[in-house]
Amino acid sequence: MDFNLIVDNLLFPPVLFFFLGMIASFCKSDLKIPDPLPKLFSLYLLLAIGFHGGVELRKTGINQEVVLAMSMAVVMSLVVPVYTFFILKMKLAVYNAAAIAATYGSVSAVTFITAVTFLQNMGLEPGGYMVAGLAIMESPAIVVGILLARIFASDNNKKEKGSAENEEHAFSWSAVFHEALLNGSVLLISGSLIIGLVTGEDGWDILKPFTKDIFKGMLSFFLLDMGLLAAKKIGDLKSVGFFLPPFAILVPVVNACMGIVLARFIGLKPENALMFSVLCASASYIAVPAAMRLSLPDANPSLYVPMALAITFPFNITIGIPLYYYLISQANVFIPVLWK
Amino acid sequence: MDFNLIVDNLLFPPVLFFFLGMIASFCKSDLKIPDPLPKLFSLYLLLAIGFHGGVELRKTGINQEVVLAMSMAVVMSLVVPVYTFFILKMKLAVYNAAAIAATYGSVSAVTFITAVTFLQNMGLEPGGYMVAGLAIMESPAIVVGILLARIFASDNNKKEKGSAENEEHAFSWSAVFHEALLNGSVLLISGSLIIGLVTGEDGWDILKPFTKDIFKGMLSFFLLDMGLLAAKKIGDLKSVGFFLPPFAILVPVVNACMGIVLARFIGLKPENALMFSVLCASASYIAVPAAMRLSLPDANPSLYVPMALAITFPFNITIGIPLYYYLISQANVFIPVLWK
Amino acid sequence: MDFNLIVDNLLFPPVLFFFLGMIASFCKSDLKIPDPLPKLFSLYLLLAIGFHGGVELRKTGINQEVVLAMSMAVVMSLVVPVYTFFILKMKLAVYNAAAIAATYGSVSAVTFITAVTFLQNMGLEPGGYMVAGLAIMESPAIVVGILLARIFASDNNKKEKGSAENEEHAFSWSAVFHEALLNGSVLLISGSLIIGLVTGEDGWDILKPFTKDIFKGMLSFFLLDMGLLAAKKIGDLKSVGFFLPPFAILVPVVNACMGIVLARFIGLKPENALMFSVLCASASYIAVPAAMRLSLPDANPSLYVPMALAITFPFNITIGIPLYYYLISQANVFIPVLWK
Amino acid sequence: MKPVSKVEIIIDSLEVESVVKLLDEVGVSGYSIINNVNGKGSRGVRTGDVFTDLFQSSYILVVCEEKMMHKIVEAIRPIIKKFGGICIVSDVIMRIHRK
Amino acid sequence: MKPVSKVEIIIDSLEVESVVKLLDEVGVSGYSIINNVNGKGSRGVRTGDVFTDLFQSSYILVVCEEKMMHKIVEAIRPIIKKFGGICIVSDVIMRIHRK
Amino acid sequence: MKPVSKVEIIIDSLEVESVVKLLDEVGVSGYSIINNVNGKGSRGVRTGDVFTDLFQSSYILVVCEEKMMHKIVEAIRPIIKKFGGICIVSDVIMRIHRK
């Protein structure tokens, strides 16, 4: 495998700022980006990536490739939480297994963005519809996770508890769907995508200096904060046991491989295949905790948040992205295209 | 009338982000731009628009057109609160009538900015002195509103109350003038205008990437927040009765028409006439509440803030601006120029 | 001396925004940049200046000039706190003398940045290694200041107090070094410098629109806030007595002169000599208070913070920088180069 | 100089809206809210960061008659039992009020 | 272990400066201020947003001798009567103080 | 309806970490923290700005049994004696707790 890819990716300034953040946190420096400034960067990134995707999607239109890829995205976001749930249930309580399964079925916008800039550094531009994939894959895994928890939890403690309180604050599927589909990040990215779609090149000319030119700077700042945060969360990992840290690396790689094979079947170009596999490999630390809090309040956030944030995320943005890109080049040699 | 103007204006990305904000709020999404980030955008917009206006004003210099237009600006900001006050007093308490009158006599910087970008999209650039108009028109209506309230309120309850407390915390005109003339937004926009005037083209070259290139992106972000906020304030409108919502649309149109006629009399070019009529049509939701709180503490902010923010502002930035522009093209056919 | 230099420097937009902030504060306007927005600008400036310096340093490499200049930087940051300490001790308690000495031995990043833009306006670009000087000079003076306080304080009150409490919360040199070397601003600027060094021109192309193009706009915003703050701190100066305000202007000028002579000895080009003398002349209001709080809790922050922020800083960015530049041109006539 | 009850509630920020609705329903005349409260309780440490600001709490203060205090406590009990937090009560003297 | 009075004031943020001035005048030795307090009272809901952050309140806490407490209450009464807010008082024990 | 102690601590924000460590060591079951407290005390005015946010304080609230309260007071006394701040204690009723 071409290690230059990894090195090149590591020498990308935003990724280096991630490490700077981690180092600062490990040295117990008082460097910090106070609230709510990190929110500014995260809102900016969602708006910019959504808008950019919409403009690109306008160029290509909604063709067969787009429909196929989006269908596969939905498939993956249904399959991943199911298979991981059954693995996790062997070691963990049903609630925690479901929450972690939802985490790995859903996606991470910042990982996605890092992959886009990785491609751009090589002169490639992924299809704009991939941003739609990002928006589409955020929610289904959450609903699946909650469904699994309900099915398997009810087997166990149907009789025991849940009577008195449930009457007062009954579980509400409408609240779950609301949280899953209308949470701020899904809405901002989808809305920006539609605005990009509607305004096209004209809109792009208007917003380009804001959404494109300063993008990598804003990403650097945000990754600096992610580094500070991820390093802090590593401390929380002590209590998660021996089983979960390897899980947090292996499952993303497995998911990426499934994504790579599917992407090859439907004949995606390498840059789009990378984006698709990164969506499969990434784990959510935004939408999922928000939804779990309401639906599975007993699930422990200090299990699934540090796994996604302190292991899977750093792994993906450093080694994962170039690794998946290498695997795609191999897949294109050995696996046949089925559609197209 | 040319409906394309309206459609084009609605398809302008910043305006679309305003709608995205409204939709997010109506869907009860948890999308929000946490405090004090919106303040960043509003400070930025004031600084950038003031600076830009100063640089432009340096180019044209202070000629007869500028002096005439500024005089008309002062006239309008004195006339509007007076005539609206007498209309409002028929239905409302004196305090509230005065506060709403001041609201509609004063101006909204964001409406102004949206109009500037509307013109720029058509390749037009309004005169820099118009920004001076924005600064000039912010305060007089406030002073007039308070004056009217003092005059008519004293008729009513001169004897009743106001003795004991007034001795302790007497009403102070100096505090009113201080609040009206030195509130943050007036000062930032005037100060930036002067800095632009002083540094001219050299200053412009230094700050352009910041004050111009990313301007429409910052405006998009800010309008996203305005949309979230406006939608929330619509709820407050339930309690304002049937009289005020139509008022919040009709009065701006009437004021715009008065502005258009005056602008034609003094022979302003269409782009400057639009800016002038937008100043007349817009309503303040920043300077006025700040001043009212001190001077008319009994006026109810949940009357005048939602009117300006949830009706007049959205109306102006969507339909109002293109409508006024259309009316200007008609006025130029039917009304003669008096000066020049 | 060429007064145009001073006038040109004063007409530089960021400096004018500093005055706007001061004026707003003096007029008691309610203009303010709410927390933590100013932190955004200060973090941005540190990141951008560090990164830029690293990229420049990559171009020149670490040659004899760099090594000589950095050595002189260390010398100055050791000499200044010592000589000022003995002057201050004549009038002030040991603790306060040490804290002020450390303040003037350490450096101010914003003064540095203003000097860089002053040079850029004249078409000059200082060597990137000067940013390394900024990072290097931040800490030694702090350690020297604390050392001096320990030595001279122990003479006085060795017996008196300090027994019971000291056992519980003993003074810790490791905490002092940690605070001095790993405080957020030192770490962010050094880290960004290293990232710039590692990624070089490629990294620069990626981040330039963010770290360069909008730089002066961000600086303007930050100086606006500094102006608001400095004006507020002037009030605190009333209680510092007659001795300290002249000290806060004379000592920077003396330090700048020492810097100019040293810079000439080692043959620095005028632009680098200016940066070096500005480092010597500037006083810290970030790293020093942070370190003093732990190490010299009895030192009074309302002495050293207002001196640095409300006198030395405004003096340096308005008159100081052009004055030092003028003196450098004179020095180049009268003083010989010793090395090189 | 009126003796009244002071009710202090610490609860997940996301539940503040429901608590406020309940306070309005039982008819309190006033309340105050302080956001961005970090802390630790039966569910472990709860602090905010960019992604998990949903894990912060809010502090709600209600000054009211003793009778109203009992109503409030009963009204919010189910929320605290479900979503966590605490509710403490003490006696204070109301010294000034705009009325 | 000294019994002292605890004065809690909630008042419009824009009046904090005047309150602090009065506290200094009557001679309190210390106070603490928490900003960005939202709430509801006789003047309806008061919360902050980008334009109307002038409608937020602040919470001021003063721990002092009982005698001083009475002075404070009298000093700030006119401000609260004019601009709204509340002032409550209770008894607490001062356990540690730097002195 | 359990009578408990309420411990209120105001201390430099930078010392919060040490206080929390001590609270954990003595074994409290919960605490809450409000940051960005401005104020005045024996060391003069302490407020935050962009450079000197190290001069802000935090407010820490612990609700606990009386016995635990004494432990807390002893544990944090040296910190307050060194770095300043105050610690006050009062009696309250715990009305609702998730347990």
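Letters A, B, C, D, E and F mark the chains in the order given here, with residues in each chain numbered from 1 onward.
Note that contacts are C-beta pairs under 8 Å (C-beta built on N, C-alpha and C of every residue); 3 or more make two chains touch, one makes a residue touch a chain.
It should be emphasised that the depicted structure is a prediction, and the values quoted were computed from it without experimental measurement.
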Work out the mean Cα position per chain and let me know which chain is farthest from chain C.
D
Measuring between Cα centroids, what's the chain most distant from chain F?
B
Any idea how many Å lie between the Cα centroids of chain B and chain E?
36
Distance between the centres, which are taken as Cα means, of chain D and chain B, whole angstrom:
39
Just curious, how far off is chain C from chain A if you go by their C-alpha centres, in Å?
42
Sites on chain D at which at least two other chains make contact
34, 36, 53, 81, 90
Identify all positions of chain B at which a residue touches two or more other chains, and write them in rising order.
34-37, 39-40, 209, 213-214, 290
The answer for chain D against chain F in the complex is residues 7-8, 10, 34, 36-43, 57, 59, 73, 76-77, 80-81, 84-90
Would you pull the chain D residues touching chain E in the complex into a rising list?
4, 6, 20, 29-35, 61, 63, 90-99
Using the touch definition from the top, list the residues of chain A that touch chain C in their complex.
11-13, 16-17, 20, 23-24, 27-37, 40, 121, 209, 213-214, 216-218, 220-221, 224
Within their complex, state which residues of chain A touch chain D.
35-36, 38-39, 42, 165, 168-169, 225, 229, 285-286, 289-290, 293, 297, 301-302, 305, 309
How about chain C: which of its residues touch chain A in the complex?
35-37, 39-40, 43-44, 47, 51, 178, 182-185, 187-188, 191-192, 195, 198-199, 202-203, 206-207, 209-211, 213-214, 290
